[in-house]
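After this come two complexes, each holding subunit A, first together with subunit B and then together with subunit C.
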Partner chain A sequence: MQKESKLNAENRQKTSGRGSNKVPIGSADFLAPESLEKALDYRKRYGFEATVIAGGTDIMVDYFERLYEVNSWLDLNKIEELKKIEINDEEIIIGATATHKRIAEHPDLQKYLPMLAHASSEVGAWQIQSRGTIGGNIVTSSPAGDTLAPLLAYDAKVVLQSKGGNRILDMSDFFIGPKENVEESDELLTKIIIPKPSENILSRWKKVGKRKALIISSLTMAILIEIDNDGVIENARACYGAVAPTPIEVKNVGDYLKNQKLKEVDAKKVGEIAVAGISPIDDIRGTEQYRRQVTHDLTVNAIKEMAEEI
Partner chain B sequence: MEIKFTINGEERTEQVKPNQRLLDLIRKDLGLLSAKEGCGKGECGACTVIMNGEPVTSCLVLAAQADGAEILTVEGLAEGDKLHPLQEAFIEAGAVQCGFCIPGCIMTAYCLLKTNSLPTRQEIRTALAGNICRCTGYQKIVDAVQLAADKMAAGGEG
Partner chain C sequence: MNDLKQVNKSKKRVDAKAKVTGKAKFGADLKFANMLYGKVVRTKYPYAKIKNVDISKAEAYPGVEVVMTAKDIPNNTFGVIIQNQRVLAEDEAIYIGDGIVMLAAESKEAAEEAAKLVEIEYEELKGIHDPLESRKPDAQLVMEGTDSNQVVHHPLRKGDVETGFAEADLILEREYSTHYIEHAYLEPEAVTVVPNERQTLVSVYGSVQNPYATRDAVARVLEADLSQVRIIQDNMGGSFGGKDENISSMAARAAVMALETDRPVQMVNSREESIIESYKRHPYNLKYKVGATKEGKLTAMEIEAVADSGAYACQTPFVTWRSVVQATGPYEVPNVKTDTYGFYTNNPYTGAMRGYGSPPTCFAQESLMDELAEELGMKPDQLREKNMYRQGSHTASNQKLDNHTVSLQEVLDKAKESINYDKKYEEYSKEQTGEKKRGIGLAISYRGVSLGAEAIDTTGGIVAVQKDGSIILYCGLAENGQGLRTVFSQVVGEELGVNLDRITYMEADTSVAPESGSTVASRSTFMGGNALKKAAKNVKETMIEFAKEEYGVEGEIIFKDNALYTDSGKKIEDFSKVASDAFHSGVFLSSYGWYKAPKISWDEETGQGRPYFTYVYGCQIAEVEVDTGTGQVKVLNMAAAHDVGKAINPANVRGQIYGGVVMAVGHALMEDLGFSDGFINHTNFDEYLIPTAKDIPDIDAIIVENPDPAGPYGAKSIGEPTVELGGAAINNAIALATGERHYDLPLNLERVLIGRDLSREG
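Right, the complex of A and B next:
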């Protein structure tokens, strides 16, 4: 067998593998229902006692070296219904366990929701995109979650399902703090509903991080502008990640842009409004000042680029 | 609990614990040691194996989640004594230094070449972005993947 340092070997025993019978994990459950109905039954019965897992790319990191603390898993991967991606005339409906990889490569999503497809293609790296899911990204509720600013910009809603019925919430009402959301112990996030964007849409997605792959974003930006045939802005949403306790839309940007001709917009002013609407912190991925500067510059550039696009 | 899966073409039935990771199942229970534990947090890619046709970091997958899955590791690439073109190419290009990350790199590259038989250097770099190597500086790894692509195109393999 392989040689391991004593320290590693000890840790490994606590975590998993053959030595794991030293800790009382024999009683742990692994629930892998094949139907949503059954999953909701389990959710009602176990509540937060059962740790919900899909791709596991966040939860397995959270429980790194202490997997023994999990009493029960509720694995959603066998529920085919949750993987569906449907597109009709009005809406795009993405199942919660659609992986980042599938979203990034889906031709219709690339066409209608380019910011989301692009963001999904920049989550972690291939190995993470293979497993990680859009529902997981939302439920983890990190302010830096890569798909979250695009989803806000596309005005997405989430469906929270329980035995008692469904709640449909605006994405912006789902998040309440860093890694905190309003999901109840008997609910599962089952799908994401996005109104199908009109033809006259311009959008810009940007992710800033210390390296191109496998990095938690220092900042993300998703701006969507809807214009009429004369180039007048009918509707705009500027959304940002990692600049506030939750992913946010800076509504003042949308209000300022509305009814202006895109080609005549003062891009610098838009940048200033965006900066005034965020509340970043200093952390390992960037200082507050850095985040304000980058928010400003990315916003200004995005507006200028979009104005040139028409 | 009992799971059934296929690994390197062989159907297996194994007893696993709910909190056991796929990486530990592969290394400790099955004794396949190509996949390594680098970070244990999905950041280094040393534990990359192919699960249902996609590269995954096996430290972030629960063993129980592999029920019904098809798994491929480096041990499953060679046919008898004949190495896979990717393995040959890594040797010929001198892409291996300490070797710790290489099985992971090869599995990701294997997936890349399945979908893109003649990738550009940039495409190779993007595909392998999740496999960290601290020795080579990546140039020779990229060389090796290109060489393998050429070999496979010439040999009609893959």
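Right, the complex of A and C next:
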């Protein structure tokens, strides 16, 4: 519980820790490069002195009534290369500044990555989806970021690029805490690489929030199950948002499900394993008890529904 | 009456264009030469001794013109009913919104920086944050100079409840609670005070809901004559009852600083400041006991409703009075014992909000009726039909309902038909499989029109026909976004046969229009409509007399289509020509109209009498889908049938119904101040959640018209009844869907899933 009146904007919740202790470097620049190369140059030169902006839907809120604290901006919006969405035989590659709206409406993504397309269509509302980007959602690294559980479930990798070269990381290695990640000051997130899912995939996405739009999730769930022709589970991933310091995969669920016949799975048991793997807290979007109960119920229902689907 | 041209038509809003094109100026848009920007430093704690205030650093900040404390204010208290609200706190802060220091500077930035330099030494004290604690005889006192924390007690006694309960076959006792509601107007409070302007000491411009109440407060604080304080209200970005005392206090502060500096002072709240300082809807704790025979006839009701008044009396005495009148709901109950109370606490103060004292009692009593029906094995609508008011019924205060049409059966039938109630009720009463379960629930109400026995109920208006035939209207009632300018223009247009484009409803200006009471209690169409209709009639008579003489016509003269006609349909002259001719012949074409509401009565000791001169009736039915895995409630459909007497503007009436339903959905399901121990934690709309377009059900707004003999063209009211029914209707629908009843609001995810609100202590 708070101790003092929440009267001033300073008391607002911040969406990222960075930037507030920034030392101005004298000149205030608005950098809007047209090429990735140029952007990486700036990134090296300015580091965290220049605040990266994509859609701005997180960063502008972050700096509400404190915009003067931002010294220089590095705007990614003119870099065409970062907006691309490509699909080949093995992979789906999504540029970091692809907007939620484009992802939600992309026919191939709807086909191959329905959980991601669906999640993108539930981010904020129309306006936010039109501006907000998948890269921004990842770099903000909120445990409640809506696209994050689906990306984990699809086994996505992120590409961090700098003048020095590329790092390709598993999504799960990217997040280290609430709104904290491993990105270095000279790096940009440039794309997300997702192995193209096979045909035999079942999945369930669910967002739970206190209203139907413009709401930070109380909980998200993305479960993906790959089965063979006999209905035996080859591979499964159960991922959750807003139930731990970072979006997480509960690996025990996957381990438990592997090699079982989906139709014979004890759904209740899966729910229990899922709950054992999360570490929710009480906050304004929900209490710990609520999150545990809902994680359980949603997981059980998802497994039952998927079993019925085949 | 049968050939209406302006009234009963969905005329376009007269101020719509200015608003949608951005031309309309709102409080914070106003700019005056040499203007200063004001700012208030508020307490850090809900209850604390103020040990020392050091303003020296703030005063020294560049650009700061004045820094003031309570000591500098001529008269530090004001209030509509009991004058105990302080403009600034002096020795102690008694709720989290109390201001302690005010200052004004050349720029907003300077004012903000200087505010941070004010040093206040506090001694934090343990306050009372629960009215049930505060009512105990040994509780510490919130308000200096009182001997108990009780603000008010309204009793009502009818028959003998002991006898009534003895006759009952079934008795239910239930407790309910409702929560704080923030008005959530789009435009936060804004006021500019200009000193020594327009022959007055101060002119106050801004988002003022009730110009006369604000004038009273400012004059009282400045110790000035009413004639020296001028309040001018033009456009408002919403109010819902919420821009009264908080605006008065803001205006008083700005006025004191404007006079001190002899410069205009503007004050505009941020959203956080607005939510923290402004008053809220009263939270209620309600105890209901009801007795019924096994046939479903009500025999007795005993009710206790305790409202949290917060730190000031504000409108608690009147809000809880509306509760005492409506507490039984629209049912014939031979034996009634009701007590409503308000108690001071160190919580946000509570005041007027759309619905006033009725949404809490409606929620409790209509939830109770559903449960009673279930216990009796009756359908919810059948139990209601068995007991509800009909023509000639006697209310709890023993008022005979015979001077208007009692239309509960009609609103109930129309709402039921619209939403297909019977079929859905049957279907949803069966066992439902799957996670998503549906339910349907209804609520009905009766509601007194206008102020009732709260206060004297009068309104005046001026109709001034100009020499070119255009018309200016003045009235002391304010356009708060509800559409009053349009409705008043329609009434006058109808009387004088003039189209709306020739009529201008002026800003509310307390130095021009007659004092008309507050723009509250869903009274404006009724009261202002009657006053302006009278004024228009007077002008019309003058014009008829003139026309007969001037143009030599005889018989009846008809005013329509911007012209005057003989009764045989022959055009005499254009309205504008008549106006011009009359003016140039020295005829006075303006008139006052004064309307005093019909007689009412109330016995404070027994709660018996005629509290309101007429009533409106409504029924709302909600159809919901509950996700039993998450507790999410989706309101799918809402049928809302309201008897408005006569819809002066049907589109406006529907707008009121849509808005009221949406508000009720928010109140019922999600709105939450995040209140704990005197602190408000949800201070902006990222946390204080109100419904989005996606949360709004399909609403069938059903207008029922049974003209009232006293209303202008038969009109009564619509603003508030629309918001009092949704809570119970949704609660009842959820109960049918899930088989579990709830007694506390809001019905958020956790409450619906787990049965209690885990995020709240206690």
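Simple rule for what comes next: the second predicted complex is superposed on the first by the 283 of 310 C-alpha atoms of A that agree within 3 Å, B and C clash if a C-alpha of one lies under 4 Å from a C-alpha of the other, contacts with A are read in each partner's own complex, and residues count from 1 in each chain.
Here is the rule we use: contacts are C-beta pairs under 8 Å (C-beta built on N, C-alpha and C of every residue); 3 or more make two chains touch, one makes a residue touch a chain.
The shown structure was predicted, so the numbers you read here are calculated from the model rather than taken from an experiment.
In the superposed model, A:A125 lies in contact with both subunit B and subunit C. In the superposition on chain A, contact of A:A307 is made with neither subunit B nor subunit C. When the shared chain is aligned, subunit B comes close enough to touch A:W73, but subunit C does not. By the touch criterion defined above, A:A213 reaches both subunit B and subunit C.
Applying the stated contact rule after C-alpha superposition, one finds that A:G56 touches subunit B and leaves subunit C untouched.
Ranked by how many residues of subunit A each touches, subunit B and subunit C are led by B. Once the two complexes are laid over each other on the shared chain, residue contacts for A:Y290 go to subunit C alone; subunit B is not touched. Shared interface residues of subunit A, touching subunit B in one complex and subunit C in the other, are 1-2, 12, 125, 212-214. If you check the complex, the residues on subunit C that touch subunit A are 42-45, 96, 270, 272-273, 276, 435, 629-632, 634, 669-670, 674, 676-677, 679-684, 686-687, 689, 691-695, 748-750, 753-754, 758-759. Within the complex formed with subunit B, the residues of subunit A that make contact are 1-2, 12, 15-18, 20-21, 25-26, 28-30, 32, 53, 55-57, 60-61, 64-65, 67-68, 70, 72-73, 75, 77, 101, 124-128, 130-131, 212-214. The residues of subunit A lying in touch with subunit C in their complex are 1-2, 4-9, 12, 125, 206, 208, 210-216, 218, 282, 284, 286-287, 289-290, 293-294, 297-298, 301.
On the side of subunit B, the complex with subunit A involves touching residues 1, 17-21, 24-25, 27-29, 31, 33, 40-43, 45, 48, 51, 54-57, 59-65, 67, 108, 111, 126-127, 129-132.
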